[in-house]
Every structure is written in C-alpha cells, then in structure tokens.
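In what follows, subunit A forms one complex with subunit B and a second complex with subunit C.
Moving on, here comes the complex of A and B:
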C-alpha cells in the first residue's frame, strides 16, 4: 500500500518524513501509537508546501479518522449487541428447561399436569422434595452415583493421561491406530455393548457393584479423555521437557514435574467430562445394577410407572441430583477455563 | 509452584477418596448381595416401579409369616423388559422373583419355572377366569397373578347429575342421562358435553388397549384367533375402529398423540366429561384436582357382544436360574395368600376376586364393582399369547390407530395391518 493512498495519520506522517524508515505492518497500515507521532514532530517543520496543505489534509485525516473510529466503535457495539443477543438466546435455550424443571419441583400435583402448562407454580410446596428424598433407596442411590462417578473418573484419568502422552510424544503409527481405535467404542450403540458387559461382570462376580458400573462407564469416557488429553499435551512445547531432562529429570520425572502441572487445567476439563458422563449415565446403570448399586438416574426414572407419572417428585429429585455437578463445575471453573484456552496460543 | 501444590493436593485427595470408595465398593450402598450365590432366606424381587408399592405391604407380612426377607429392585417399565431379556439370555439372574407384565409371559416362558402346585382348585376359583387362562403357557402355570386392572368408565358425576344437563339431554336424545352402557350412549353423551371449551371424552391414538376392548365388545378375538390366524381385517375390527374414530370430533385435538398419561391429565384437569381408563386412576385423582370427589364409575361399555375389557394383570414368576427357588416360591404363595393387603397401598389393586369383593362396598373403592363386572364379563379376554405381541403393538397397531384418528380409511388401514402382522409372525 502506498503512503498516498494511506488514509490514516500514519500514512500522512510517513509522506511528510521521506527519510523515516518504514516499519512494515505497523506505521503504514494502522493508526500510530502516540509515541510514533511524537517521534516525527521535529521533521514536520521542513517543507513549507506540505505544511500549508497539512491543515486541510490533517483536518480531512482527522475527519476520516473520526468517522472510522465512530464506525469502528459502532461496529464493535453492534457486534457486542449481537453477541449479547446470541448469549441470551443460548442461555434461554439451555437454562429454560432447567428452570422449568426447578419450578415444576415446587408445584402441587394438579399444577404439574396443568393443561396448558404453566411456568410458575400457582402454589409453592416442598412436598415433592419431601416425597422424593424420603423414598426408599434414594440416599443409597446418591452414594452409589458418587462412588461410581469418582471411580470412573479416576480410572479414565489414570488410563488416559499416559496413553495420550505416549501418543502425542512418540507419534508412532501404532499410536495413531490406537487413538482412532479408541473411538470405536463410541461408534457402537451403548445397548449393544451393555448386555455383554453385564454378562461379563456377572461372570467375574462383580454383578451389581459400583466398580462394575464404573468400568462400564469408563468405556464411554476413556476415548473422549484420551482425545482431550492428546490435544492438551500437543499444546505443551517439547522444549519444556527437554529443559527438564537437561536439568536431570527422567522422562517420567519431566512428565510428572513439568508437563502435568502445565496441563492441570486440561486434566480438570477431562475429569469434569468423565465425571459427567458417569454421573448422568442411564442405560448401563439400568442393565447392570440391582439392589446394591442402583444409581440415581434409574431411581429418577422410576417415578414414571405403569400407573402414572409423578412429575413433582421426579423433578425434585432431578433438581437435587444436579446440585453436586453444578458445585463441582463452579469449584473447578478457573481450571476449566484455563484448560479450554490451553491450546489457543499454539503455534 | 501453585500448580504443583494443586496437583499434590488433588493427588492426596484422590488417593484418600479412592481408598474410601474402594473400601465401600465391596458391597455398594444399597444392601445385600444379589442372587446367584448360596440359597438364603433373603430374596430379590424385580418389579416395575409402580408395582413396588403394591407388593411392599405383602412383603412385610410375608417376612413375619415365612421369615423370607424381600429386597425389591425397582426399574422403569421399558428398562424392566430390557433387563429381563438380558439376564434371561445370559443365564445369570440377579433376582429370585420377577413381577411380569402379562404380555411378557410368552416371551420368557422358557426361562421361568412352572408353579403348578400353587394353582390349587381353590386358588383358581378365586382368580378371574381370563387370568387363569393367561397364566398357563404351554400346559404349565408360570405366573401367579399379583394384581390386575382393566379399563372402566370414569365420568363427571356432578355434570351427569346436574338438573339442566339432565333435562337438555333427555330433550335432545330421548332417554335419561346416565353412565353410558353402550357405544351409542357413549357417542351421544360425548357429543352432548362437547361445548364451551369442554370435551365429551378423549381419544387415545397413542395406545391400543381401548381399541382392542372395543374389538372384544364387537364379538371378535383381538388380532389373532385361536388358531393364530390374523383376523384384524374382519367386520368386528372395522366396527370397533369406526366407533373409535367417531369420537374424535368430541375429543381434544391431537388425538394421535394422546396416551394414558395425557388422557388422565385431561380428565383430572376437568377438560373431559368421561374417559375409559384403568380402574386404578379413580383412587389416584389428586386432592387438589377440580374433579376430586365428583367422579362416578361404571363398567366398560358394551357392543354387540356385551361388556368387555382387556385385563392388565401382572404375574409373580420364579426364574429357572435362581438358587433360591424354595424361598422364592414361599414368597409367591404368601403373596397370593395375603393378596388383599395390596389394596391398602396407594394404588389399591389386587388379583383375587375375594380381595376386590372385600373392599367393594367401602368408601373410596367405588371403582371395584365396575372393575369386577368388567373382568367377569364373558367377552373379556386377555391379549394373544404370542412372543411378538409387543412388536405387533408398537409397529402395527399404534401406527394404524394414529393414522385412523387422523382421518385414514379404516378398511384400508386394517388390510394393511393384516399384511404387516402376518409378515411379523412368519
């Protein structure tokens, strides 16, 4: 771009100071920083004709600059407005069902089945919570859900972290095959592996135990965990590990002391995903649990019976069941955000 | 440093949690071990979530009488079928007794133990005839009825007893307004009450049982005859379907999507003046419903073959794979002996005729007389004993009904249904 065609102040000043060295991509294409303007001031007194034309051009430049700034700010404002509208729409889309569930949990029985449905309860009641939490087996199911989800999350991390590290650092053909093959379990409908898994667990004496269900849930979360962790390891410069080895660390020592602290945000994200996959899983829990290890999603589903649907109690228990996940997400919020942006500056 | 500290803390926390969890994992939080080990006096009973309420008072009594301790495993309806299928096919079961929907008996007959010794003459006399017949599969009794249900007519007593409504109805139709007994009366009353934002009845396009009851009322076996010929295109099926669809104009819009839950909601909200519904619904009307205390009951309506309904019983069955056969059979017998205790549960159903009769005159149990009459009606019959029944319902009958209530030609739809059912049964 030539200086004559440059509409901004930088272009004008560059034309006024012919000997000034050009800095590609800074002075000629963008508005200059204040210090750049100051640095050109002594040379401005030299050519008179240019000085006479300066007010007009400068005025024009200022006008254009003002227009651009306003335009730019208006553009920014409208972009911001659109983003806010999109954010509000997304919030309504995702938040409304949960709010509706929450409001329904405070409704009276007849209110829950109102035709047409109402959003807010006509009369607020805690009866649904008393009924749901007082139901036989509910506290035990909460403990089972926690046990299962924690074990499954730990299993996923223990297996996924070294697997992903090995795949990303050694970049072998077998590693590439392995990471693709890990997805196979996600391609098969869960019901197709649920029944054989249930039979296998029964044959090794693990029927109706949280550990059996945790292993089943790990088949769901492990492929996702490996893929997630691989992308986080990819973002860590290899120089870091090399520096650690120069300082005397072994390969594993470098992984433990240097790499894992760097990807701790990623581990938190992976842990959350693995935990949620297990926490909300229904089908395997349905097929594999009985008296000892039934988890809460199955208990929630039991409010729909052949004799009717107890909406109030169902929504009350679902609302209570959401609390630990919300708390966990809030507690790990900073780690999650850090993990989400871990690969953003790569390259 | 802070990252390392965080990792260390997480690791410590993780180790501690793992230790606690793995220690607790040995048995889970729910209770004792499942079936499959040595025989014991504790049994697991697999039951649909609604059925648990029915069986709990019986289990409490049986523990006192027989010493058999019962642990219930509750599952939702669809999940129960999947669970039974997977465990029966694997040969390893986690339960000693299962409460089975009547339509599942033919599917699982090979995995269930005969319990012929429990069906004494005295017992058979106290069970509705259609249930005795249904429990016997291939010459052996494989399930003891635990509770049964059937559709009856629920109607708005307050509207039916209103003097103006009575006078207007008589002036228009020439006979007294009362609980309907025939198809024609049901049509007239439905049309009469369809005004001012209210509807005479509902039409359930999402479920098949009510239509099948009309088929029985029209004098035909439902779908299959005694030789397993598909008779879904005979005159009785067409009459029944035409009657079913004739009510659409007096029912709320969207009949194709109306199922049991929707129909029950409409009635409990006071939107419909009548409904044909499972008898248990009478005792389940919420106290804050506008129709609470204003509902009357009557037997199912009758067609050319008289009153008829489709029973909805559940049976207690003992799997062949259980190690606790003795305790399981003790419980099944005890459940039959104390069948009337189930009536005191929130759902209030039983299987024995004597149990219903014991309560039929008590306030709050006004649904029992119509239920007994419907279940004892000569035309009442259970669903065909075929392992493909659920498939026939889901893939043929319900889609056919949905098209019919949306205005499809009944003869064409029934002919189409016949060929599809024949293909399924091949």
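Moving on, here comes the complex of A and C:
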C-alpha cells in the first residue's frame, strides 16, 4: 500500500536526521534524541540569504570534514535566486491539490460541479461539513478509526519493543532469522491475506469488531515497528544495562527501568508510524468491517456509490479526516523524519 | 535460577513471532491451500479439490496476464517518476541549504494523507467535465478543449492517471531519504571534484549518484514493493476501468474474490502474485541493495 505511506509507506528503513545536517557523521545515532532542537544549533549561516558572504560556498576555499554544505550548496546569488524560484514553483504545484480539496469543501453543491470549475468558492459555506458530519455513521466511524488505530498501536509496541530488544541486544541466530522473516512479511500483499484473516476472525466471533481490524492492521505495522525499534536499540550503549545489572537489576528490570526510558523518543516515533499505518489503511478495513466497526476511509469511499456524487460532503469529510494528521506531521516532523529515513542511509 | 541469555532473547521474541505466525503465516497457508480448491462463495458451500486447475485458469486468462503486465508497468512508472522528482527536490533542498528547512517540512505533508483521500482528490482534479486539471490546461492554452484528454476515461492513458496520486503521495518519501543520503556525502569530495573542474552533470553522475547507490537501492526496493501492491488509489479513481485498463493485480484479485465470487481462483492468483513479488524483491535485494556491502 502506498500508505504513509505512508508511512505505509514507512519502509524498512533505518538512519539519519536530516534536520541536523550540520552535524554530519553518523546522523543515525542522533535519531533517538529528538529533543535537541534546531534552535540550539549554532547558526553559522547568520549573514542571511546572501551566502556569497561565505567564501567557502563561493569558491570552496574552506574545508570542513564531514560538513557538506560547502560542497553542494549553491554559492552564486543568481543561482540561488533561480533555485528559490524553482522551489517555490514545486511547492505551489505540490501543495495545490490539497488546498483545492479544502476550497471545494467550502463550496455550495452547485459550485462544486460547475463547468468550468473555479478554484475559490464563489460563496463560502459550511454546509458540506454539516452534511458530512451529520450523516448517519460518520461520527461513529471516527470513533472506530481512533479505537482501531490506538489498539493497533499499543499492540504493535507491546510486541515489537521486547522483540526488537531481543534481536539487537543478544544477536542470536534466531534473532537474525526473525528480522529477515519480519522483512518478508512486509512484502505480503494485504489482498492475499485479507480474506483468510476475515474468516479466521469470524470463526472466533470477532467479525466486524475494532479488535479484529486492529489485529489486521498490526500485521502491517508490527514488522515496521520491529525494524524501527531495532535501529533505536542499536544506538543504546550496552554499558548502560551492564551497570544496571551489576547494581542488582534483573535483565527485565534493566530493560524496563534503564533502557526503555533511554529509547522513549524512538518508541514515540514507532508509535506515530503504527498509528498512521492504521489510520490511513483501507483494504483490510474494506474486507473486514461491515457496519458496526467501519472506519472513516471506508465511509469516504462509500460516499461515491451510496449517495451518488456528493463531492462536497466527500471533500469535507476527507479534510476533517486528514487535517489532524497533517497538523501532527508539522508538530512532530522531527520525529517523523527520523523514522522515515532511519536506516536508508545506513544501507 | 538464571536462564541463559540466548533463551532469554528467544522469550523476548516469542510473542511477536507467534503473532506473525498466527495472523500472517497461517492466513498465507490458508491462501495456498484454497488455491487448490474450487470454492463456492456461499458460506459453508461445497469445496472440491481441483488440483492445479485454478493455476491453469489463471495463466490462461487474459485478465490475469494483462493485470500482471499492468502491475509491472505501473510499478516501473511510479518508481521512475518518484525517483526522478524526489532526487530533483532533494538536490534542490541540498543546494539551498539550511534556509530551506521550513519548506522541507511543508513538502512532507502528503505523506500523512490517506491514499484513499489522495485518490479521491486526484479523481476530482482529473474527472471529465468539471475536473480542474483540463480546465487549467486549456486556459493556459495547452489544450484546446478541457475534455481533450480523458484522464480517467481514455484506456490508453488511464494507467498513468491513476499513478499520479501515488506519485504525489510518496515523492516526499523519496526526497526525504535521498536528502538524508546527500547529507552524508563528504563535502571535501565534492570540492576536490570542483577544483578538478567537474561541472554539475559530471558531479551528479560520476560522484553523487554512485555514492548514493545504497540509499537509492533501499528507496527503490521499498517503494517498488509498495507500488506493486497499489490498491486504494486505483479502486477509488477508476475501480480498474475503463475496460480493465487500470486493473492491477491487487484489484483483479479483489474483484475475483468479491465480485465474481471465485475464492479458489483468487487464491491461486494471490499465490502467484506473492511468489512473483518475493522473487523480484529477493533478486532486487541481493543484486542492487546488497545489505552491508556498500557501506
């Protein structure tokens, strides 16, 4: 699935914190420490956009090991201007589709399908939102989506954290086999296991429940979570637990009281990805839910057939469903970036 | 008594392993078994062993072979375009340096949008008559008539049109990963090459791309697997139509199972599809990615 992407997008990737490009080297080890903010970094580019004042970027006179700005960053003012224009154009093109969805959600029904279409609403109205949210089953679907995503996230974490710790801390043969098996799981198309999974759930009386769907979603997020958590544990020095066990902690105690607090940033990243994977998932939700436990993506898709072409309500519901996670991205972008690129750079 | 470390590690992994065994491995086993049966779609209906009959039917069916080729074409198209656009954006952000940081964040936003919403949104942009894309292109003088290109109704181009939301959603991911890789290229190397008189194109093709190879490989493999499984965006945009021109493997299996009520045949298709994915991914991983060898 192209989920986040999604995240689903997500990926079996592991390492780099692009937010801190100046601290090159093994960016990977920075990942579990997302609390260090951009503002604490020394701003060497202080003299503003005219980077021409930096002799290094213009001619390449100054060399600093591991810092590549001098290497790849464009120096000439004219070049930079062209590049900024290019960036602005790309961002407008990239951002426009979602803005158009937002504008459409404020149009009147007639404007929505007007020929030729207009970008901005002629008349701004909240009718679509009132229609969409007041429709039977829509509020319930939000509760289902949240329930499913929360259960699935917790399940993923509870299973992935110890497993990833066992894999990275003890480096046994079974651990290596297990992480490869988890990777292979990522290749399984959901459509292939969806039906058998649905009938399994039905046979134990869990048909059409958020529990069943969250288990299905965990099959997607668990391999990803194990992979991410392994990378985070990899960055924890072993001395830490050794010191704890010397002090009389059991191995489980050391994991719980010493290691877990250290990787809490990594756990948060993993939780975000697991949550998004479930929040945005559609195929399992379509196959495994009927009425009671339907999640919002399925309801959005159903608008198309059930109610003809009610584009206005559909866009309003899509906006309401997407905006919380977009805001979440902007708020937590450092963590999301860390998780997304984790490992890719490590190769 | 203290249990040995190795067993302790095994205990830690057991719950997750059991979960994957029960909820992934077992359904897969069921899928493979089902592929040898002719199954009535009615619950509790007859189930007859038919051997390899479903496989023969799959391979001789035009729909299946067509879907296979379309899935391949779709995957190659999505991955190539995403890679090109993602690399372009990553280079842009790198050459602009730290000042572009805020915009890098903004550029991430589609990653969080549900594929179903993205598909819906692009359908709305490309739909005949009141789609904005055709209108804007004709106002810009590129098209004579807003409906000149039937993005979603012309079987010849629909496979490209349904790929657009997928590309839109995940170019950010490609960009992010490649950007991270670019940050790890030592500046000295670039400068040395510049001092030797290397121009931008040779910098890109002789130095940057070879150094990024491991990162590129991971990104391509990961995205390739995802693109080959595309379902949501296509279902909501065209449902595989017109004339099955956008019916990829996931859609065909879904429709065979649900619409045409033939779980046996769908299982055989699913099994072939899964084996093909595993083979391609395995070959890709061992030949391009080579974990641990390039770093």
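As a working rule, the second predicted complex is superposed on the first by the 219 of 347 C-alpha atoms of A that agree within 3 Å, B and C clash if a C-alpha of one lies under 4 Å from a C-alpha of the other, contacts with A are read in each partner's own complex, and residues count from 1 in each chain.
The working rule: contacts are C-beta pairs under 8 Å (C-beta built on N, C-alpha and C of every residue); 3 or more make two chains touch, one makes a residue touch a chain.
None of the values given here were measured: they were computed from a predicted structure.
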Quick one: classify A:227 as touching subunit B (first), subunit C (second), both or neither.
neither
So, does A:273 touch the first partner subunit B, the second partner subunit C, both, or neither?
neither
Scan A:109 for contacts with subunit B and subunit C and give back first, second, both or neither.
first
With both complexes superposed on chain A, which partner does A:84 reach: first (subunit B), second (subunit C), both or neither?
second
Touching partner for A:301 - first (subunit B), second (subunit C), both, neither
both
Between subunit B and subunit C, whom does A:219 touch in the aligned arrangement: first, second, both, or neither?
second
Between subunit B (first) and subunit C (second), which does A:195 come into contact with in this model arrangement: first, second, both, or neither?
both
More residues of subunit A in touch with subunit C or with subunit B?
C
Does the superposition put A:178 against subunit B (first), subunit C (second), both, or neither?
second
Which parts of subunit A are in contact with subunit B and also with subunit C?
113-115, 191, 195, 199, 301, 304
If we count contacts the way the header does, which residues on subunit A are in touch with subunit C in the complex?
1-9, 11-13, 15-19, 21-22, 24, 27, 38, 45, 49, 51, 60, 63-74, 79-80, 83-84, 86-87, 90-91, 94-95, 97-98, 100-101, 104, 112-117, 119, 158-160, 162-163, 165-167, 169-170, 172, 174-175, 178, 181-182, 184-193, 195-197, 199-200, 215-216, 218-219, 222-223, 226, 251, 276, 279-280, 282-283, 297, 300-301, 304, 311, 314-315, 318, 321-322, 325-326, 328-330, 333, 336-337, 340-341, 343-347
In the complex, subunit B touches subunit A at residues 3-4, 6-7, 10, 14, 17-18, 21-22, 24-34, 36, 44, 46, 48-51, 71, 73-77, 79, 82-83, 86-87, 89-90, 92, 94-95, 101, 260-261, 264-266, 268-269, 271, 278, 280-281, 284, 286-290, 347
So, in the complex, the side of subunit A touching subunit B is made of residues 108-111, 113-115, 137, 139-141, 143-144, 147, 150-151, 154, 191, 194-195, 198-199, 202-203, 207-211, 257, 260-262, 264, 286-287, 290-294, 298-299, 301-309
Can you list the residues on subunit C that touch subunit A in the complex?
5-6, 8-13, 15-17, 19-20, 23-24, 26-28, 30-31, 34, 89, 91-101, 103-117, 120-122, 124-125, 129-132, 135, 146, 166, 168-171, 173, 176-177, 179-191, 194-195, 214-215, 217-219, 222-223, 225-233, 235-236, 249-250, 253-254, 257, 263, 266, 270-271, 273-274, 277-278, 281, 289, 291-292, 294-295
